[in-house]
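Structure first, then comments.
So that you can tell them apart, the chains are marked A, B, C and D in the order they are listed, and the count of residues begins at 1 in each.
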Amino acid sequence: MSNVDLSVSIGSLTLANPFIAASGCFGYGVEYAGIVDLATLGAVAVKGLFLDEREGHPPERIVETPSGMLNAIGLQGIGVRRFVAEKLPPLREGGAVVIVNICGSTIREYAEVARILDDAEGVAAIELNISCPNIKKGGMLFGSSLRGTHDVVAAVRRVTRRPLIPKLTPNVADVASFAAAARDAGADAVSLVNTFLAMAIDVETRRPRLSNVVGGLSGPAIRPIAVRMVHECRQAVSLPLIGMGGIMTAEDALEFLIAGATAVQVGTANFVDPFIWEKLTAGLTGYLRRHGLTGVSEIVGSLDLSPPRNARNPPPTPCA
Amino acid sequence: MSNVDLSVSIGSLTLANPFIAASGCFGYGVEYAGIVDLATLGAVAVKGLFLDEREGHPPERIVETPSGMLNAIGLQGIGVRRFVAEKLPPLREGGAVVIVNICGSTIREYAEVARILDDAEGVAAIELNISCPNIKKGGMLFGSSLRGTHDVVAAVRRVTRRPLIPKLTPNVADVASFAAAARDAGADAVSLVNTFLAMAIDVETRRPRLSNVVGGLSGPAIRPIAVRMVHECRQAVSLPLIGMGGIMTAEDALEFLIAGATAVQVGTANFVDPFIWEKLTAGLTGYLRRHGLTGVSEIVGSLDLSPPRNARNPPPTPCA
Amino acid sequence: MPVDVDAAVLSNTRLSSDYNVVALAAPEIAGRAKPGQFVMVKPGSGDDPLLRRPFSVFEVLEDDTGRVTGLSLLNKRIGVTTRTLFGLAPGAAVRCLGPLGRPFSPADPSERAWMVAGGVGLAPFHGLAAALRNRGVESTLFYGARSARELFHLDAFRGLGVGLVLATDDGSRGDHGLVTLPLERALGRLDPAARLRLYACGPTPMMRAVTDLALAHGRRVEVSLEPVMGCGLGGCYSCVVPVRRPGEDPRFVRSCLDGPVFDGRTVVWDGLGAG
Amino acid sequence: MPVDVDAAVLSNTRLSSDYNVVALAAPEIAGRAKPGQFVMVKPGSGDDPLLRRPFSVFEVLEDDTGRVTGLSLLNKRIGVTTRTLFGLAPGAAVRCLGPLGRPFSPADPSERAWMVAGGVGLAPFHGLAAALRNRGVESTLFYGARSARELFHLDAFRGLGVGLVLATDDGSRGDHGLVTLPLERALGRLDPAARLRLYACGPTPMMRAVTDLALAHGRRVEVSLEPVMGCGLGGCYSCVVPVRRPGEDPRFVRSCLDGPVFDGRTVVWDGLGAG
């Protein structure tokens, strides 16, 4: 059997494989250390961190929807300092490549969190969560304006040399323009998509199912939209992309890679199957072998957009 | 058993019940005349019509996705004149309340199609499709700019007295502002949502699964996003709303009604179950009875947004 | 007028590692289905998979008294729904809508009928063979499969008086190769004055080849196409096939209404989808 | 360390129109499950429903030689997954991840143990009763249900030497009303010097009432909460319960890691979700 190379590079960051645990779906990573060898993941994006501790929203925090789920956790978390003190050491011990997902209510808070992480050891990259739909201040507010995106990214860029990965919200009309704004402000890559702002109603009580009224939709339901958004970004900007949204299998991940993502994140699927990681690498390896390819880079962005056979000389000429 | 009144009013238009067959999912209505009594539907929104005939896109035109489907039919159609001549008479005969969904590549074409319909007998309302994601010119291009939305609606408003219902695209950041733009330009109501721009890739061939590369996502997968959008519009504008997106059951429809829609459309579900209509009216009737209500109007927009019991005096105070 | 039946699985007979026959208690549909018509089927509940799938009516089932009790599907496992159908236990419920579509136009006794089947394309021919026998038409089945193990229900066709001409990809039974090989030989040998109707169902390239052969020999052929279908009722326009009717420009027509059976000559084969 | 098993259904025993017991061939999990622990379960394939669901380990199953062969779930049909579990046929596959969560802390022989179950809240107590018997602890089950027909497995508990005190909503067996009625009587009658541990599982209001009674009588109580759980492993923070530990401010803790069993005194009942 020929050897295949699953490693991918995102700027200066090299990952052993393209599979990253998505932020908020893998705790602080340490929760899973007893189940998976964290070093076998491409990277671990930990739960979004503010400067300080946060309690998050009261229950109900999630609700299942067709092929998806809504969440409004409200970014309960221990704050960046406790993270650095309590979680980073065991993560480094476990050999995890750690991407820290950071949040802020103000640009100043984003920069402060990033500065603390810049000083910490064992932070492979910073993912800027400018797209969380579940909090009142900050988050998606920055990520849904080009100006806000540019300003947050530029401010954090000034305080850190770590690879900087703004995470884009899909709740915009033209996601590629946000990728461009992030690039112009100094981002090394962008990750997309965060969740879709959504809502479910209990018709018996006529109340929202989530205590926060709205929440973020994730899971396979959103995959086709997320793939389209990665495709659009790939067509428009040359920045490395980290794709996500509803990846459940290696085939799903391949859709993102072929559309132009250099790596992918897997969130909701990890709830359904915490042993998914070995299946993903095995599936990708098998695919590459079957197609006679030697590395992931050969498929990234390899989407064939030539007209289909049956449209080349379309017998009935479409009018538009 | 107490009598319940399922009828709803959208401006000057009164429907026997809030269930409307969604455009593009019910042919020209006549296809279903042998299966359902068209007069028992609230209304029938027929397949989108341009001025002239169109062949649409070559196959593949649809692909199934988790709890949803993508379509890129490309608005194959017979053109508005043949529709008036060939389809309207049998629809009227069948007692259908007909909403005609119209498209255009230019504002002039929209206005021309609307003018022809204004003269025709048996057109209950005009739904302006400014949100079709599957065509190169027109459609979503108008619907994704506030100016474009305003201009198309205003132009059509000038040529018709029929109830005018622009259909909004969800592929925007702030759908409520589009509802407001439509209202300001003279719309009687808005319908939402059309499909989400999306894409699926065949990883074996590395080609898009749809001949048109991208298509529109519909079905239960999108329901939580659509409900949220209806909720946002209800909070922001006082125009009547027609909600849709993934309605499969009476309970799903109730989510939209409670969120603020006066009526709903049902598209993809009709493919799965063409006999859905009697189930929807029976389910709604049962719900109203069970809750001691006498009419649909009592539940429209009745969402209870008071804080949940467990958040009223939240023991752990959320930080933000 | 089609009806929708929440049909119980009467039996599930495995024919091979990929093929099975599912019998469904849907007499309301079976009693009215004409050869070549199809049903739209959804086993299981939940929204994933979402849409129904089209299947030919394979057999119309009758009890000892001749009363119609249901219909069967010849199923080949290729994806999510066909996998579920493969694994169904008796008693399970399958939603079944039909009968749908334009049937074959059966030959009359002055003609002979040749049916050409590839793989699961056998499905519509059991009903057609029965109808032809009832009309007193002499019929032959040209039937190709991957191997002898995947040639199914031969006795049933023999029992309907159908002549069998077989071919397998691996040569384990009949001609070694495509079923069009023996078909071409037979067409060449047939008296040009003999009246003949051809029917084909199988992979698209095979139906196209049969059509080419038929035209080369001046014969009419009806093909039963298998495009992706979203609704089966004319509502979605997903199932279009480009058709060129004599004297007209090619147009996309819905195969759930205008098909699935088409006059092979009118199909613009280059314009078909991959399905 | 939890494992994930693609477990075959060994049997499905209907107990009533809503309750059943599903036996699963998951010895790897059963052999290590402690009383009060749970499994995350997904029957069927496809992405709808998407997430697993939490279930207490009901019985640990053994063959005649005492070898552990699997575990069973006591299932109450209330929604999509529990409906599927209700209808499963033997042989079907169920993905089962476990054992998970913090178990009960079993009483020791100097104490007596009272288990208080409401409805499907019986589930964790079969395992606890067995553990208590092994430790030589005298135990009683206070068990409430809608009616006599929904009081299950009484003989099994008797066989484990458990005293039974029953209550039904309709009075068809035991006390007429809530199970907290006989519990309150018994607490009042118990010698204050006797050492007692309480365990409760059932509807939230019932567990809250049991906690209130326990505190009023100066008794410790462990409750097994049933919040909505997205992952069962600490990854999603969906399952939080507000807990006030002595001397600390209330905090949201994850019940899949810090529970599902909690010291009743520490639970901030007003802050629980609806689940």
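One rule holds in what follows: a residue touches a chain if its C-beta (ideal position, glycine included) is under 8 Å from a C-beta of that chain, and two chains touch if they have at least 3 such contacts.
Here the structure is a predicted model, which means the values were calculated and not measured.
Taken together, chain A and chain D share the touching chains B, C. Of all the chains, the one whose CA centre sits at the greatest distance from that of chain C is D. Computed from the mean C-alpha positions, the centre of chain B lies at a distance of 46 Å from the centre of chain D.
Here the spacing of chain C and chain D, counted between their Cα centres, is 54 Å. Centre-to-centre separation of chain A and chain B, using mean CA positions: 32 Å. Listed for chain A are residues 55-56, 58-59, 66-68, 211, 219-221, 308, 310, 314, 316, each touching two or more other chains. Annotation for chain D: residues 47-49, 242, 251-252, 271-274 touch two or more other chains. Contact topology of the protein chains: fully connected, every pair of chains touching.
Residues of chain B touching chain D in their complex: 66-67, 220, 308-310, 313-316.
If you check the complex, the residues on chain B that touch chain C are 24-27, 31-32, 34-35, 47, 55-56, 58-64, 66-69, 71, 73, 76, 211, 219-221, 248, 268, 270-275.
The residues of chain C lying in touch with chain D in their complex are 44, 46-49, 80, 89. Interface of chain B with chain A (complex): residues 52-59, 65-68, 70, 74, 105, 135-137, 144, 171-173, 196-201, 203, 205-208, 211, 213-214, 217, 219-225, 227-228, 231, 246, 251, 254-255, 258-259, 287, 299, 302-305, 307-308, 310-311, 314, 316-320. Chain contact summary for the complex, chain C toward chain B: residues 1-2, 4, 42, 47-52, 95, 97, 227-228, 230-231, 233-238, 240-242, 251-252, 257, 271-275.
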